[in-house]
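Okay, structure first, notes after.
Residue numbering begins at 1 within each chain, and the chains themselves are lettered A, B, C and D in the order written.
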Amino acid sequence: MIVVMQQEAARAEVAALVARVEGEGFAAHESRDEGRTVVGVVGQGAERLRETLSAMRGVERVVVVAPPWKLASREWRRGGTVVEVGGVAIGGGKPVTIAGPCAVESHAQLLAIAEAVKAGGAQLLRGGAFKPRTSPYAFRGLGAEGLKMLRDVGDRTGLPVVTEILAPADIDLFVRHADVLQVGARNMQNFPLLDEVGRVGKPVLLKRGLMATIDELLLAAEYVLARGNSKLILCERGIRTFETATRNTPDIAAIPVVKELSHLPILFDPSHSTGARRLVAPLARAAIAAGADGLLIEVHVKPEEALCDGNQALLPAEFAALKSDVDAIAGVLMRERIAR
Amino acid sequence: MIVVMQQEAARAEVAALVARVEGEGFAAHESRDEGRTVVGVVGQGAERLRETLSAMRGVERVVVVAPPWKLASREWRRGGTVVEVGGVAIGGGKPVTIAGPCAVESHAQLLAIAEAVKAGGAQLLRGGAFKPRTSPYAFRGLGAEGLKMLRDVGDRTGLPVVTEILAPADIDLFVRHADVLQVGARNMQNFPLLDEVGRVGKPVLLKRGLMATIDELLLAAEYVLARGNSKLILCERGIRTFETATRNTPDIAAIPVVKELSHLPILFDPSHSTGARRLVAPLARAAIAAGADGLLIEVHVKPEEALCDGNQALLPAEFAALKSDVDAIAGVLMRERIAR
Amino acid sequence: MIVVMQQEAARAEVAALVARVEGEGFAAHESRDEGRTVVGVVGQGAERLRETLSAMRGVERVVVVAPPWKLASREWRRGGTVVEVGGVAIGGGKPVTIAGPCAVESHAQLLAIAEAVKAGGAQLLRGGAFKPRTSPYAFRGLGAEGLKMLRDVGDRTGLPVVTEILAPADIDLFVRHADVLQVGARNMQNFPLLDEVGRVGKPVLLKRGLMATIDELLLAAEYVLARGNSKLILCERGIRTFETATRNTPDIAAIPVVKELSHLPILFDPSHSTGARRLVAPLARAAIAAGADGLLIEVHVKPEEALCDGNQALLPAEFAALKSDVDAIAGVLMRERIAR
Amino acid sequence: MIVVMQQEAARAEVAALVARVEGEGFAAHESRDEGRTVVGVVGQGAERLRETLSAMRGVERVVVVAPPWKLASREWRRGGTVVEVGGVAIGGGKPVTIAGPCAVESHAQLLAIAEAVKAGGAQLLRGGAFKPRTSPYAFRGLGAEGLKMLRDVGDRTGLPVVTEILAPADIDLFVRHADVLQVGARNMQNFPLLDEVGRVGKPVLLKRGLMATIDELLLAAEYVLARGNSKLILCERGIRTFETATRNTPDIAAIPVVKELSHLPILFDPSHSTGARRLVAPLARAAIAAGADGLLIEVHVKPEEALCDGNQALLPAEFAALKSDVDAIAGVLMRERIAR
């Protein structure tokens, strides 16, 4: 950790800083650079002094050398993590596809969509039972009833189910009925919820918040890993920017950045990030070409009757065509890799 | 609500839209404008068709005429809302000041700070017992123990206490010990938590998420109001932008915008929005000059020993000087208003 | 064009608006919706009243139905525009690759790189002679001397040259020496420069500003087209967001959005948008998979000796490998399209 | 300057870096911190190696200790710069007010507005003769004719005139007719234009780009100062963010940040940053309370007939009331300062 002092820092301020560092049991190396005093703080765990030193008089800024996440880092686990869900390997090199409706609306609707996406090549089923909605007057999902429908339809079709949990108190219900517990974008920094899903043995799908940096995503992952759950899958779903032509801006660059920094698999959600049906396919192809471990895609048999986000859902035939494109791109990349 | 069709929309697509609108019991007025068909959808509650119509073939976009929040709107309650907490009126024209440490660290620390801020003119005491922290390895607060210290110090000094709640399950504990329940920026869209604080009779302080639009803040407010709790106070605390010279970008313009759109009082938090002690005073003065109903300020007797955010805490003397500036500005504005 | 009045707009304010609209020779259709008066303004060219009406008392906002660019719109020219440069077709379905150094440093350096990128499959050569630099103390390019080197090396290798123009006064020099005139991101709204490149017959490569919306990019394109130059190529190069893991955030979604809204070809620059060599290949593959018409890539034979942006330049061997990946992805997409 | 190596950097990569640093005549101090090698690079002017070292194998990032601008820095000139224009001191402690129409529309209009703002207390007159417009179809100003009207009206009323220059080639015309040369937000990084205004002896008003960081603003200032012109005034005018309730987000925090980092005076433009008449007064008051050296405000006698931006122009009476508020706030702050 490196402390850069202000140009006009007094000798006494530097001395106080050094004394504090040494008092906490770390070594302080002082030097001069570009008219400023720079103090290197060395020793295992020195990062915990970061805020304290920042608050001291005469300090301009503190530069942390190593990233603040450890269990989520590539260094922690050189080979990538593979999360297995009902026989499907996520992170194993071949991209997976998770598809289904935005919300569970009825047993019949869910079954029809599940059969359609299975026929189109999906390996897991997604669907929301508890829906986070920006307006209190919007449809908020079927709740526990919807969860049971997901379980039943998952069992009938043989597709493991992925669904979003909103409140820590619901954890038992989700452990019983879901195969993968999704933590949504708005809850990426809901720390009591992260603690809870970190304590159970079920796979967790953690979506990046639309206001979160990649560093914050990996720190949220660290919460889950630090509680003991290493069956963790990340998901990029777009960030909020000034551009309004798309609902959010899909951060495709986050995919290779996360794969470089972390051993965790990372999926991409083209449906929520763009908010527009006609953009789902090009962005899904882009994510796979950039190295994503899979896709999370909304599909509906009758989008214009959907209770939520119908304008971003693919029709089953569009989904099947996209799946074929995506497999072809993944195949090409694999051949290119082997050829070298 | 106005539906703009794509330029190349087919006659049949327009007809299907009109049929759908009429089938739902609303009136549809068709017209041509700039080469496009435009359909006006009229009738009480037509907004609920927004997503459905957006998902129909041939639709370019749907323009909603009225804002989606009602109970939070200025139209709902022409005179502004005044929230009373322990004899202090928030929103009544005279700005209030809430001050205290980032986190409750010990009974002695809290008492010392509470006495200092009271002497400096603060009317309420703030302090975190349950802290949301980006890293799982950071100090996360004293929990229930901290809440009890807040209650005790609040009673001793006569300052009502404001503190942040993180999980819906903790609601009883907070109702017992706190005077104002704060919902933090990261939880602005934690809907189960909004539901919970909306069901109790205690005042709620709702902070704007750092990536939330003003519309989303007012929709989050609508959650609390719709559950029956109208003792609601909003708080601007900076938004996330590309600028890194400050921790966040204080959105001072949000203050007059919220006051125009809503009847709810709005405070400003210069400490979290800037993240730097030397910027707290200029931004606090700016917020008051822009019409804020009060301030939420971090103060610490020994910032360099604070367990969190010491670099943004004011010393008691700095706080007292700021309070004096702020009162003078508020006084000037009041005189100017009366003179006209 | 639709004018939404404020909820509390007075009858006289609505009447004044209608009178103004009719006085300008347009028709005004009044209706009520969600408690507000809405006035439809109909007639060819009514958009020019937009600002005037916005400024009138009682007006909440003005909604423009059609986009403000015409010559750049897809409707204007259904089949896409193909720009031919020295026998290479840009926008014709097969992605093109433009490669070369950030800056021209010497004749020898440029020739070595040009030969390397040609061997790796590049069809055009890029290189900066006049460099826009954030700091006045950075290397600002060889100027006219550099332009002449580009011309000479372009002629020797048979690669047409693309290079950036900074000042309107330099137009003759660039027309003489360059094959494609690049308008850089910082100059996307340098209107005197757009006017100038719009008046000459040379192809223009217009890069999106890093804080420009897609609408603004198309309006900047409209400047060039309106001056009479239709040999126009667009380029996405990343936008500025809160994320700092990459220099900018490549907006891959902009590629299919632009192709939907406009007939102009659009390239992608993975080098400037990411600012990191190891991210160039994944993002370049992503852009092609999303439908880009080509790539603009920095290559250097000795990146660590480059006078600018060496950390984002590919080595010739890396470039050749990427070119092979990109061609394979483009081939797959073409096969998939034909199969349907 | 500090170079942080990647955790897995090879011994040879560190050695190559050190050799390069020493070969360029600087000293390299190697140390280990948090599992990484860190190399301190010491010596006058070492920053120029920044890009070169970033591009070397094994390097994670380069941390520059001192800011890259020198002539613009507070260290360069401890007392603040005061720019005098026609007897008015900008930066001298008392805030100045520059007011006038968005665009010069006619001699009569300009004269009426100039007399009105003078009566309301304005010290300088603003008005655009050459207008940068997003659309090629919008009113682009009266050009040279407008400049002459400004000169004449300035002379008649005794108000010095501030007006925007768009192209380097127009410099002589502006030197002849204007008192302050404004470089607009879109041209903040138009380096040939910065060079040109840096070479003349006239005061320059440099507006922050809506996509520019404060660092980039100060680097743009450095261009002007480095060419020899020290009569430089900065202006904050809002940045682009995700929030759409205001046209841009006024970055009030930038005011105290710039005053801390630089000796240059900084104004605030509430008209362009908010784009809404009713927000101009609260934001103008906020800027003064935060320490701005003055304001740049649009005023029009008939906003609904303005050829540009009528919806953000104040009426003369509104301007006069705002001027009185602003003077009262400035007075209070001055009294408070003296009292301490």
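Criterion: a residue touches a chain if its C-beta (ideal position, glycine included) is under 8 Å from a C-beta of that chain, and two chains touch if they have at least 3 such contacts.
Model, not experiment: these values are computed from the prediction.
Within the contact network of the assembly, the step distance from chain A to chain C comes to 1. Set against one another, A-D and C-D show the most C-beta pairs in contact at C-D.
Chain geometry summary: the mean Cα position of chain C and that of chain D are 26 Å apart. Our note on geometry: chain B versus chain D, Cα centroid distance of 31 Å, whole angstroms. Remark: chain A and chain D have CA centroids separated by 39 Å (rounded to whole angstrom). Counting partner chains per residue, chain A shows two or more touched chains at residues 211, 240-242, 244.
For chain C in complex with chain B, the residues that touch the partner chain are 1-2, 4, 7-8, 29, 31-36, 38, 40-42, 46-47, 63-66, 75, 240-242, 244.
Residue ranges of chain D in contact with chain C, taken from their complex: 20, 48, 51-52, 54-57, 68-69, 132-137, 140, 166-169, 186-187, 189-192, 209-211, 216, 219, 222-223, 226, 240, 303-311, 313. Chain contact summary for the complex, chain D toward chain B: residues 211, 213-215, 239, 241-246, 249-257, 260, 273-274, 278-279, 282-283, 285-291, 321, 324-325, 328-329, 331-333, 335-336, 340.
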